């Protein structure tokens, strides 16, 4: 085993993974009601094909794909469709969701797996994955079948399993790698086969030694486990590729450009389940953690389960719970209420306490340069932040910061994390991005 | 003494040489420019360089005006200057002027913090545009969030945030430049002709149920106003009014008091002051009472008519 | 199902817990050893100069912030205190309180708040003020009282001591060199310069050791990076070594140039001022080299015996330019250009 690899830049937040890293995955009880938003993925929202008062079974298709980059939605419990109405969505705005009331029977539709998947042809498997509604479960929620069908002129050299899980607190991928080693590795191998690639890398941060040893044993000679330095954002796609293969993905292009495809651990498991068992994506594992809940842990839940219901099952909030974050503390979104469904891209639920809230006023940039050191993309968050704060959007276009920097920034939050002036850089960038998006739309 | 003379001579020499060079180069590199540009820029335009016209300042606008006049196109509009400037420009260039009406901005929301339900307590945000990224602070996603991005953006100081976190435009100061409209993430500001006297103070395009649960002064698209005044129309669950002056009855018929007639109240008073609201409510009850009486009378009349007609019918049947 | 509401705010939801406050007070703490040495060497005079300078800077900052309608509590973020302390440390011990107050006004009001406060000043406030005082009050600013232990000497490095008022004053080592060239060299030991207790000079610049202890603290705390000080010092060392080898009679040896005068305090505490220094590492190296070259040029061939403050101020003005031309390559960027 060589020295742990990494990328340039990054930060070392306190990880707090101990809260849930030793907790085995527990299956949560059947929810009474689920809300399944129609866009749980990047791309066009799905189109509902059920009506109010329809009876559905778990696994039944209830909304079909709404475009090329889109994913279908399946019922996650059996019961009756109560309504199709807007609900709070983890991404902020309210969106339409299919609300299903459970009948308590938990009847599943019949699954039809692919026979002997490793011998089947690639298109069959792609179709199966598409049918199952699988999207990247790491949070980006990019439809997986699109990732598995690269344009013909792009040669794919590597398939990488992203087991870095660099977000503090989250332990979903860690537990899956330890508990579902075989399924994850099989799913990964299948993905590699579909892409016609024989080089498989598995990147795991060195703070998960049990996962490293288990995965090493399982993959054997078919692939290579690469230990990675514990650093945020090690699990970002482009940073991971550069750490493992040394290839830098150019700004505004997909990792396919440098011949690499990266899969999340949960996605590999979903691919395995979809192909070998025929089971569509209606369950996932989430980490419920933070100092604001009594019993942190890892739970297997039905999609669409309300956060409130899961927390209640786990043992409830502590009294000083003040902030609910879907995702990790660096890139997750704070949501105003726990009456919000868990969707495909939700990897973790973090409850923070009153004392963990950070200051909200900020001062002028003192040019300390810490953000520049922290930026994994080697950008200059300092200058961009000032320009956006002063609303010099014209200057941003003039200096071509819009294309190279702004589009390429994936809002990892490293700059904001280290800023001694507490400048909300990520907010600035989000604001600028929406400004330029609106401008493009208006044009 | 000698040194001083040398210094003076040297400096004067440098000045002379530089002067000659300057005058020479200004001839050589002379850029031909229409003198009317300066004339327009200095004498006709407001000179605020607000950029509302879409050009980089008044000078640029003046250039565009000359260009348009040369090509026989329509002159670009100067929103702050309004019709007067357009008229002046046209007469300066010897063109005919079509005439445009002065427009002012209107914030189509009256959902103060007491009237609209809070969705989330947002920290670490001081402006509307970022708040919008997090879904906004109000249950209603179409209304004014009241962080005042438009206030900061307004070059004429015409917008204020009133009590209860609602932006209100002062129509006297507003020049209709439209900068606030571009800034507002919820598109709650609209340019209306300043002669319009009836406004729908709501922007909610959400379905009835959602609007009702979010805000006590939201338009729920019930079409009652449309029944009283045909100038109202309902688009996307929202009443729209595009005529000059609506009927009083339409305002009174609105269950959530969304419609304001500026010939009764100013928009600011209607949004902000409770007395104006109470006054309005009192008039409304009076109107309703009258209406009820009228209806009663009408019903009675109908009944009487029916009573008159009924026996006849019976007779007819019996026969 | 009972729901509960939560506070919404932007990601990230955790913070390193660093703050301007912590950084500035750490810099302040790093200057404490040098301040102690100065109190040992110059006694209560040094306490007076430093105290007046720090307190007046903080008070002026409060006044300026109140005047501009900002939060006056920001005056206690430590930046004004550091400016005050740095200003005090660059002054001679015998300076009158009035001049210090003028210096504080120049530093806080003219060099800092007029430009928009912390983060927006193009020039280092403490140095701007010191240079202003040096030009406005050349006499008091170059009158160096004798430190403890040297009270009874007749001449320092060949420059006779002068009785000015009730204090005995003399030249700094650099001043002596300027006046007497290297003839003065044998009478001063580099050792003495390094420890600094037996050399006249500004309050803060006399002991290189104390300053280096503070600098080590800043480097350990990752408040400053090595780029600027190392580039500056190496440049000064290299050029002075070269000149010394060419003409040992005319030019002092490199170690003398390192430890005499304000090079150490300048390179570690003033050139590294975040606001006025370049932000990228490559730029920091260029900036450091520039300071080194200018310093040694002024020292060897300029009109003043010491040039660090001028050098830093001059390089401050090049910071925006340096920043513009040293933007690092964004991740994956060059490849994209080559391919297209």
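The chains carry the letters A, B and C, assigned in the order they are written, with residues numbered from 1 in each.
The working rule: contacts are C-beta pairs under 8 Å (C-beta built on N, C-alpha and C of every residue); 3 or more make two chains touch, one makes a residue touch a chain.
Everything quoted here is computed from the prediction, not taken from an experiment.
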| item | value |
| --- | --- |
| Between B-C and A-C, the pair with more C-beta contacts | A-C |
| Chain centroid nearest the full-protein CA centroid | A |
| Length of the line joining the C-alpha centres of chain A and chain B, rounded to whole Å | 42 |
| Where chain A and chain C are represented by their mean Cα positions, the distance between them in whole Å | 49 |
| Whole-Å gap separating chain B and chain C, where each centre is the average of the chain's CA atoms | 55 |
| Sequence positions of chain B contacting 2 or more other chains | 120-121, 123-125, 130, 133-135 |
| Residues within chain A bordering two or more other chains | 333-337, 357-358, 360, 424, 427, 430 |
| Junction residues of chain C, two or more chains touched | 5-10 |
| Partner chain B, residues of chain A touching it in the complex | 85-86, 88, 92-94, 333-337, 357-358, 360, 424, 427, 430-431, 434-435 |
| Chain B-facing residues of chain C, complex | 5-10 |
| In the complex, chain B residues that touch chain C | 120-125, 130, 133-135 |
| Chain C-facing residues of chain A, complex | 8, 11, 13-14, 32-33, 168, 238, 242, 248-251, 253, 306, 308-309, 317, 321-325, 329-339, 350, 352, 356-360, 363-370, 372, 376-380, 382, 404-405, 408, 411, 413, 416-422, 424, 426-427, 430 |
| Interfacial residue positions of chain C with respect to chain A in the complex | 1-16, 18-20, 22-23, 74, 77, 116-120, 225, 274-275, 277, 279-280, 327-333, 335-336, 339 |
